[in-house]
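The same subunit A turns up in both complexes below, where it pairs with subunit B and then with subunit C.
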Partner chain A sequence: MAFLDIKDLQVDYVTEDGVVHALNGVDLEVMEGETLGLVGETGAGKTTLAKCIMGLLPQRTGRIRSGEIYYDGKDLLKMSLKEMQKIRGAHIAMIFQDPMTSLNPVLTVGDQIAEAVQNHENCKRDEAMKRAEEMLELVGIPAERAGDYPHQFSGGMKQRVVIAIALACNPKFLIADEPTTALDVTIQAQVLEMMQDLKRKFHTSMLLITHDLGVVAQNCDRVAVIYAGEVVEYGGIFDVFKGMRHPYTKGLFSSIPQIQNEVTRLAPIPGMMPDPMDLPEGCKFCTRCQHATQRCREEHPQLVQVGEGHWARCFLCEQEGKVKE
Partner chain B sequence: MMEGGAKKELLRVQHLKKYFQTPAGLLYAVDDVNFSINQGDTLGVVGESGCGKSTLGRTILRLHEPTSGEVLFDGVDIMRLNKAQMKEKRKQMQIIFQDPYESLNPRLTVSQAIQAPMIIQGLYKASDKEGLERRTLEMMDLVGLARRLVNTYPHELDGGRRQRIGIARALALNPRFIVCDEPVSALDVSIQAQILNLMQDLQQELGLTYMFITHDLSVVKHLSTQIMVMYLGQMVEMGTPRQIFENPCHPYTKALLSAIPIPDPAKKMERIQLHGELTSPINVGPGCRFAKRCVYARPECFASSSQLKEVEPGHVVACHLVEHTVDEAGASGLSE
Partner chain C sequence: MKRKEREVGSMANQALHSRGLWADAWHRFKKNKVAVAGMVFVLILVVISIATLVIDWVTAGEIYNNYVTKTNLPMKLAGPSLEHIFGCDEYGRDILFRLLWGTRYSLFIGIVSILIALVGGGFLGAIAGFYGGKVDNVIMRVMDVFLSIPSMVMAIAIVTALGNSIFNLLLSIAVPQIPRLARIVRASVMSVRDREFVEAARAVGADDGLIIFKYIIPNALAPIIVQASLTVGSAILSIAGLSFLGIGVEPPAPEWGSILNAARTYMRDAWHISVIPGLMIMITVLSLNLAGDGLRDALDPKMKN
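Coming up: the complex of A and B.
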C-alpha cells in the first residue's frame, strides 16, 4: 500500500498578472521505506508539490483546484491548521534547499533543533537540548557546537543542521527539496551519504526533489519526471534511466555532458518551458517536441503503462499498454 | 585533443599572486599560479567554492590588482600597462559573469546593455545611432536573441536569454580572449546545453580563446583542451581532459572525480573519503594545503609544500606522493 498517495493534484497561483497553473493533475505514490526522486527544471512545479504536502502553500495566492493527498489514510488537504501542525515535523518533515537562508541567524543551532523537539514532545528544555546535542552528533557535528550560531558554520555543516532539525522528531516521511544544490560536489557526496544512512537507520520514506540526474541515479528507488506541472514519466530507477520513453526525459539526458561518454556536441531541448499562465492545449511538451503531431497539439495525452510500474505520458507509447484511467 | 605545436601561445601567467588583507590575517586567494593558454584553446579551471578560481580569472583581467606576478597577453605584460593602455587592451580581453540575474543593469534595455561597451571603448560614437543599431542587431543574431527583444529590460527575460545578453556584450568588442566565470551554473540543464553549444560555435567561428571557470567537472571535460584543478589558491594538477579524467594523480583530483554523481543507477559510486571541508585560506602554514583532508597524507606533507612535477608530457601534479615518472625529458614549461 502506498505510504503517501497524491491524487489528481491541481494547484494555481492567483497573481495580479493572471492565473499561474503550477500543478496540473499530479498523481504520485510513495511506498513505505522508498526514496522517490522528483526531477524537473525550474518552474516545473517541484517545490509547489512539496509545499502542498507540507500545507505550506502561500495562503494569499495559492489555490488548490482539486486533488487529495492521503497520508496514513487521511487527506492532508482537508486537515485543520491544528491537525496539520501535529503532522508537520513529527510525521512529515522537510529539508529546504538553501541552508544559508533556512536557519534563523539569531538563534543558536542547538536552540533551533530543541525548538522542533519541544513543539512535538512534551519535554523540559534541558531534555530537548540534550536531544539536540544527540542529533548534532548523529549528523556528524560535535555536540559542543550546539551553542554556536549559523554564521559560525560552513555551508555543508549548515545543511547538516537543517537535516538534524528535520530528523529531530523521527519523522516517517522526509521531503528533501534540492538538499545539496547549494553545496560543492565533495560536500554534496558527504551529505547525501549521511542522508542515506539515516534513512536506513530510521526507516524513513523520502521524496527527493532535484534537477540533478546523477543525484537521482545514486539515491532513489523510483523516479518521476515532472514538466509544466505534470508527471510525464515515472517508474523504477532502472526502467526510466535505461529505457526512458518520453521525449522530454530523453531530452534531459542528451542535454547533460556526461563524464563517461565523449560527446563533442550536446543535443539540447530546443526552446523553453511554456509560460505557466498560457499552457498549450494538448501535450504540454508539444511546443518543444520533435515528434509532435497535430494530435499532440489538440489532445491531452494520458499516462500509458509501458512496463511493469513504468508509465509515460506520450501518444507515441499508446500502442504498447493500457491507459491510466 | 592533440597538442598542436603550431598553435600560438596567447596568454601566459607567471607566479601570479593575489593576497587579500583581512582582519584575521592574509588571505591567500591566488598563490603562485603558472600556466599558459594557446590561441583558440579552452582552459577549464575547476575547484570548490572558495578555492580562488574566480579571483584568478578577475586578477588576470586586472579587475583585481595582483599582489605580484606577470600576465603576458600576446607577449606583453599587462600588469605594467597604464590606465589608458589597459583600457585599450580590454577590448581584447572580456569576461562573462556567473549570474545573469545580477550582472545586468536592470535599468538598461537589451540594446543599451549591448551598446554600452562599444560606446565606452569608442568603437562607435554615441551619436552614431545607425551604426550602433546595426551592430547591436548583428550581435543579437550572433548569440540567438530574437530581434524583437531589442527594447526589453532584463526582468522581462528568462535566465538563458539574459546570459545571451552577457555573451553579446562580451563579444561586441571583438575580443580574442574571454574569461567565462561559471556562465551556465545558474541555468537549467536544457538551457545550459543551448548556451554551451552557442559558446562552442562562437569559439569556432571567431577563433576565441576561453578560460572557463566552473565547479562542474562534466562541463569542463566537455569543453576544455586543458584542465586546471585548483585547491586553496594553488594549482594542484593540470593536464588534458583525458589525462585528468583517466589518470588523475593528485588525491584531491581523485576525490573530486569520485564525488560526481553518475547518472546511471547501474554504476554505483565508490567515493574516496575526504576529511572535513575546505580549510581556510587565511594564514596558511607550510606544507601541502590539502594534507588535512588527504587520506594518504604523510608527515612530509605537513612539513613542506610540494613542487609541480610532470608525470607525463603536459600533465603536471603538485603532490609529495607522486614520483617523477618522466625522466630527464620532463623539462616542463610550467614547473621550475
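Coming up: the complex of A and C.
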C-alpha cells in the first residue's frame, strides 16, 4: 500500500485577475522508504503540491477544487487545524527552498530546533535544547553553535539547520522543496549526500522537488514529471531516464548538455508554459509539442501504462498499454 | 599572551551561548553609549520619583507642604542663587523642589498611559494584521473613527465626561494613542506575517499563539518600540497641555507642564521659570527617544557584530 496517496488533486488560486488553475488532477503515490522526484519547470505546480500536502495553501487565495491526500489511511485535506498541527513536523516535515529566509532572524538556531521538538513532545526546555544540539551535530554543525543566530551562518549551514529542524521530530515523510536551488554546486552535493544519509538512517520517505534532472538521477527511486499542474509522465528512475515517452520529458532531456556529445547549441523546448488562467482544452502541452495533432488540441489524454510502473500522458503511447482509469 | 587570548576567546564564546534574547539585547544595548546615557537619565528620574514618594510618606508630607507648595511671596520670581539653585517661581516656591516633586507626574503618567495604549493598540493591531480580511477591516475602521478625533479634544472629552482623577487622566492620554499604535503594530505584523520563516514554523506544527509571540512580535518590535518611546514624549507634553487647560494635574501640584504654563506670563521678567522646566521636559523626551532608539538596535540580532 502506498504510504502517501494523492488522488485527483485539483487546486486553484482565486486572484483578482482570474482563477489560476495550479493543479489539474494530480495522482501520485509515495511508497514507504522511497524517494520520489518531482520535476517540472517554474510555475508547473510543484510547490503548490507540497504546500497542499502540508495544509499550508495561502488561505486567502488557495482553493482545493477536488481530491484526496491519504496519509496513513486518513485524508489530510479533511483534517481539522488541530489535527493538522499534530501531523506537521511530527509526521510530515518540509524543507524550504530558501534557507536565507526560512529561519527566524531573532531566535538562535538552537532555540528554533528546540521549538520544533517542543511542538510535539512534552519535554522540558533543557531536554529540547539537548536534542537540538544532537540534531546540529547530526547535520554536521558543532553543537556549540546552537547559541548563534541565523545570520552568523553561511547559506549551506543555514540549509543544514533547516534540515535539522525538519528532522527534529523524526518525521516519516519529508518534503524537500528545491532544497539546493539556493546553494552553490559543491555545497549542493554535500547537502544532498547528507540528506541521503539521514534518510537511510531514519528510514524516511521523501518527495524531492527540483528542476535539476541531475539531482533527481542521483537521489530518487522514482520520478514524476509535472507540466501545467498535471503529471505527464512517471515511473522508475531508469525507465524514465532511459526510455522517456512523453514529448515534454524528451524536451527536458534534450535541453541539458550531455558530456559525451559535443554540441554548440542546446535544443530547448520552444514556447512558454500556457497561461495557467487559460489552459488549452486538450493536452496541456499541445501548444509546444512538435507531434501535436488536431486530436491533441481537442481531447484530453489520460495516463497510459507504457511499462512496469511507468506511465505517460500522451496519445502517441496509446497503443502500447492500458489507459489508467 | 596566547593563553590570555584563548581565555578571552572562550569567555566570549560562553557569553555568546548562554544568553536569551533579552540578555543578548542588553549586551548590545550596553555598547551604545548615547542610548545608555538616555536610559540612565530616565532611571535617575524614576529614582527621584520613588525617593520623593518615600520622603512624603516618611515625613507625612511635611517637606511637600513646606517647600513644594507653600507660597513665600518675598522670594517671588527670585533668580537662581546659592540658596535656590534654579530660583523661585511666581509664588516664591523653590523650582528645584518643584521639579523634583513633579517628576512623578510626568514620568508616571507618560509611561503608564503609553503602556496602556501599547497593550490596547498592540493587541488590536496584532489581531488585525495577523488575521487580515474582515477582522482587520472591522478593527481598523473603528480605529479610523477614533483617529478622526483630534487627540486633545478626545482627551478633554474623556476627562470632562468621566471626572478629574489620575486614572481618567491616564485614560484620556492613552485612548487617543491606541489607534496610532494599532496602525503601526498592524503594519509591521503584516510585513512579517507572510515571511517564509513563519510558514516554516507552521510546517513544524507551531500554532497561532506561538507564531504570534515568538515569530511575529519579536520581528515586528523595532518600529513599535521607537514609536512608543516617541509617544511617551508626546504624552508628557499632553499632560502639560491638559494641565494648562485646568483639567490635568490640579495646582498646586508641581507638574512640569503646569509650571511651564504658569511661567508663560513672566517670561520677560524671569526666564528661569520657563526655561528650566522646559529643559527638563526636553531632556526627558530626548532621553526616552535615545533609549528607545538604542533598544530598537539592540533587539535586532543582526546588529550584534
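Just so it is clear, the second predicted complex is superposed on the first by the 323 of 325 C-alpha atoms of A that agree within 3 Å, B and C clash if a C-alpha of one lies under 4 Å from a C-alpha of the other, contacts with A are read in each partner's own complex, and residues count from 1 in each chain.
Going forward, a residue touches a chain if its C-beta (ideal position, glycine included) is under 8 Å from a C-beta of that chain, and two chains touch if they have at least 3 such contacts.
All figures in this text were calculated on a predicted structure; none of them were measured in a lab.
Q: Clash or fit: what happens to subunit B and subunit C when subunit A is overlaid?
A: Here the two partners, once superposed via subunit A, fit next to each other without clashing.
Q: Looking at the overlay, what does A:309 touch: subunit B (first), subunit C (second), both, or neither?
A: neither
Q: For A:243, using the defined touch cut-off, is the partner it touches subunit B, subunit C, both, or neither? Pick first, second, both or neither.
A: After superposition on chain A, A:243 lies in contact with neither partner.
Q: Report for A:215: first if it touches subunit B alone, second if subunit C alone, otherwise both or neither.
A: first
Q: Check whether A:18 is in contact with subunit B, with subunit C, with both or with neither, and answer first, second, both or neither.
A: Neither subunit B nor subunit C is touched by A:18.
Q: After superposition on the shared chain, which partner residues are touched by A:263: those of subunit B (first), subunit C (second), both, or neither?
A: first
Q: Identify the partner contact of A:104: answer first if only subunit B is touched, second if only subunit C is, both if each is, neither if none is.
A: second
Q: After the superposition, just quote the angle formed at subunit A by subunit B and subunit C, using C-alpha centres and rounding to the nearest 10°.
A: One gets 80 degrees for this angle.
Q: Between subunit B (first) and subunit C (second), which, if any, makes contact with A:119: first, second, both or neither?
A: second
Q: Once chain A of both complexes is superposed, is A:86 in touch with subunit B (first), subunit C (second), both, or neither?
A: The second partner, subunit C, only.
Q: Tell me which partner touches more residues of subunit A in the superposed arrangement, subunit B or subunit C.
A: Higher number of touched subunit A residues: B.
Q: To be precise, I mean the smallest distance between any C-alpha of subunit B and any C-alpha of subunit C in the superposed model; what is it in Å?
A: 10
Q: Do any residues of subunit A touch both subunit B and subunit C, and if so, which are they?
A: Common interface on subunit A, subunit B vs subunit C: nothing in common.
Q: Please name which positions on subunit A make contact with subunit C in the complex.
A: 54, 56, 60, 85-90, 93-94, 96, 98, 101-107, 115-116, 119-120, 144, 146-149, 151-152, 162, 165-166, 168-169
Q: Using the touch definition up top, name the residues of subunit B that touch subunit A in the complex.
A: Answer in residue numbers: 48-49, 158-160, 188-194, 196-197, 200, 215, 217-219, 221-223, 245, 255-269, 271, 274, 277-278.
Q: If you look only at subunit A, which of its residues touch subunit B in the complex?
A: Residues in contact with subunit B: 41-42, 154-157, 184-190, 192-193, 211-219, 237-238, 241-242, 251-260, 263, 265-270, 272.
Q: Within their complex, state which residues of subunit C touch subunit A.
A: It is residues 13, 16-19, 21, 132-133, 195-197, 199-207, 210, 214-215, 218-219, 299-302, 304-305 of subunit C that touch subunit A.
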